[in-house]
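Across the two complexes that follow, subunit A remains constant while its partner is subunit B and subsequently subunit C.
After this line comes the complex of A and B, so read on.
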């Protein structure tokens, strides 16, 4: 199957700064892809390259089987929902939404019907004659969405569209966006720095760092099997244990040199990192499970975070671990209490980069 | 009791302050408006000499200058000049402001200063310079030389107000228009221009007024047949002073008032003042 969006070694330099560093990406028709990374990682530049606002220094951009690298934005089958919404302040909601169809010369009667449909899709029917300044942030966001989807683009580009909304509304919009995506069947490319947002909505997540895509995979893959320390640290909470790697590839916890049942042949003689998610560590004395790694430790802090309790422990050899336990049961733990931190071997993930 | 007294004196003080401020405002206003009142008053006097307060009421001085073709010529020269200089200033000044507001390059500040410099140069110097320059190029004392000079002195007003209106302009609006299928010029004329229009109109009206009332620059470039109304007035009062001169002056004031009224109706004086910082 051919890809709907195909980026071939796209590079963008601004003077000495490299914003995009040989980025290649294939997105299938109908996928919901999140571009995830901290500010300055190049995710917005990548989005703008696909939209046509940034011309790459090298590489090619293909959309729907056509090379569009040098095409202006108005000749690409994509539409953007801007971070600032970018609603035209001197147009009513209706005229904002009708902007795209009007440029394509659609008949007024058809436009009227399409605008009505788009407004209904975002639940803004009764606001058609208002001006953007008379709308709340969330309402403006919906109008911006309607203005883009009325054009039935091949790809909808969203640049942190929920960034300016409060937490509650953001969560609701996440679900609405996901539903909209399913209903329209349009490919969504969604830029965000919020990992939760990416995990909730996206089919696949492209994690970016310093102008590169460091990992592309489903949320599960990226969470469970990150490709490097950067991804492991960026997504979710992580215990990253520094290890030394023996000549035969066996891992030893640093400091202390405790032997661990993991190996990293590609880093033999060097160092690696062992990732264990806080929720994968148990502290009950014996769960009866076999094939476990266990480290004796002492509790030094217990922090209540609402739906869970975070337990900070220090192993006998001096490694710090964080455990996440459901609320019940954790009350018994108080600082100074000795426990055994234990996790299934398969829960650990060796990172050599 | 004492505290209550304190509150009362404070309130009284506030009230006195307000009255004083209001009074001061009126004094300034009167000071600014009085010459206009005098001119308009003198223009309707029935005496053959300048007299204020006027004796009786007559429009004959207006009739006199309106029936003199040389005055009508001068008025039309001034009007055409003001409109054309403003049009040219818009064509040159708006793109300049767009570049200054958006592009970042070496010497950007210097270029901005250059475009605003006619504001601080005495127009009389500019008049002499235009005369010399046009003389060297062989079009001294022509309408063309006058137009160039007036365009130069009004351009800062257009650049300044357009720049001010571009300060808060989000370029993502233009990008959104492009994204929705509009061409570059389409996005400019449908989105950018309507949004910065108040600043441009304000600049244009300032430009019209500045050109309309200019004496110094025009003086250097006039001939017996090419004369603006302020220069004509200036010449006239060197030889004779009668109420007709007041009528002509008053007429130019009426034009300025009409222009300002248009400004208020179309854009709103408040907005112009605000966009001008």
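After this line comes the complex of A and C, so read on.
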């Protein structure tokens, strides 16, 4: 199957600044892709390139088998939900939503039905005659969504649409967006800097850094098998242990030189990083598991974070580790107490970049 | 709070309300100082004054239209097309600088251009387009040209201050939803800039109605507007009462026109609203 969106070596330069650095991406029909990265990583520029607001300095943009690189936004089969919603303040909710169909010359009777349908889809039926200024942020968000999906675009582009909402509403909208995506079958491309949001909603996540996509994969892949330190650090909490690599590829923890049962042949003689997620580390004396890595350590901080407890420990050789334990049971740990930090060998992931 | 307002209230009273009340009183008195409506009867019964009033408003209306036609595109260009901030500032300076020059000087400048031996006529005659110099000066059109030139900066400044505050993502949203550049302008940018256009046209219209120097110079006295008549009454006829009557009449009719204009805008269905 061919890709619905196909970016071929797209580059965008602003003077000396490279916003997009040879980005290639293929998105399948119906996928929910999150573009994830910190501000300034190029994710919004990438979105705007697909929307048609940014013309790439080099490379090609294909949508639905057609090259659209130089096509203006109004002639692309995509619609955008803007970060600021960008609702027309001088139009009612109804006229805002009808804006797209009107431009395509749809018959008034049909428009009326479509607007009703779109309003129902976002649960805003009773607000049709209000003006945007009379709506709350969450309601404006829904109208912006309805205004975009009424056009049945091939791709819906969302630029941090939940950024301005409070945490509770954001979580609810995440679920609603995911349901909407399933119901419509439209391809979603979603820009966010919130890794949790990306993990909750996206089928695949493209992690971006300095104008490049550094890893593209499912949330699980990116969380479990990050391609590099940057991704490991950006997604979730991470213990990143610096290691030296022997000539035969075996890893030694730095500092201290404790031998670890991992190897990185491609970095032989150099250095690598071992990733262990905090929740994969146990501190019970013996879990009965075999094939474990264990490091004696001393607790130096215990922090309660609501649904879990974070335990900061220092190993005998001076490495810092963070453990995440379910709330119950962690109360017994107080600073100064010696423990053995252990994790299943398979829970660790060697990163050479 | 009230104490803080006192100086400005006193200023308003001393320099705006008191003089106006005095003028209004004077307009209701005859030369002996007795109360009388004779001045108003005289002004309203003479067709000459009605024609002058009409000419004044016609010139002001044309001036407003020309200032809009030139000022709006200019404001649009400066705020939305020019990307470089330094160049944008330069444009603002170019627009504002003429305001520092006396309108006497600027109006005489037009004589150099439009006069019988002016640059425009010289060029026309030299190129053979016309046999004899055209009577460009001292006409109604000349007054409109002179006033438009002076008033356009006011339109540019009010319109651009509104244009630059319109969220850029609104135009992007319109384009994203399938509107061409032109349709985007007509359905989004222009309707949202209307407050600037309304403010600008009010300023230009009222300033044009009360303009004295430019109409006097540009018309060479051949086109008489209300301000010239009023000045005549005060400055050469020394009939302060009748001058006051003309001034009040001009003020009241202008206020009625402005109120009607604003009412018409309010009554209209909301700007740019489409019917489903």
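Some points to look at:
Keep in mind that, in the parts below, the second predicted complex is superposed on the first by the 353 of 353 C-alpha atoms of A that agree within 3 Å, B and C clash if a C-alpha of one lies under 4 Å from a C-alpha of the other, contacts with A are read in each partner's own complex, and residues count from 1 in each chain.
Just so it is clear, contacts are C-beta pairs under 8 Å (C-beta built on N, C-alpha and C of every residue); 3 or more make two chains touch, one makes a residue touch a chain.
It should be emphasised that the depicted structure is a prediction, and the values quoted were computed from it without experimental measurement.
Aligning the shared subunit A places subunit B and subunit C in steric conflict.
When both complexes are overlaid on chain A, the residue A:279 reaches neither subunit B nor subunit C. Once the two complexes are overlaid on the shared chain, A:194 sits clear of subunit B and of subunit C alike. Of the two partner chains placed by the overlay, only subunit C lies in contact with A:94; subunit B stays clear of it. Counting the residues of subunit A that each partner touches, subunit B and subunit C differ, and the larger count belongs to C.
In the superposition on chain A, A:104 contacts both subunit B and subunit C.
With both structures placed on the common chain, the touch criterion links A:254 to neither subunit B nor subunit C. Of the two partner chains, neither subunit B nor subunit C is touched by A:8. Where the contact sets of subunit A with subunit B and with subunit C meet, they give residues 51-53, 72-74, 78-80, 82-84, 86-90, 99-100, 103-104, 147-148, 151.
Contacts from subunit B toward subunit A in the complex involve residues 170, 172-173, 175-184, 186, 191, 194-195. Touching subunit A in their complex are the following residues of subunit C: 167, 169-170, 172-180, 183, 187-188, 191-192, 270-274, 276.
By the touch criterion stated above, subunit A contacts subunit B in their complex at residues 51-53, 72-74, 78-80, 82-84, 86-90, 99-100, 103-104, 147-148, 151. By the touch rule above, subunit A contacts subunit C in their complex via residues 51-53, 72-74, 78-80, 82-84, 86-92, 94-95, 98-100, 102-104, 108, 111-112, 115, 147-148, 151.
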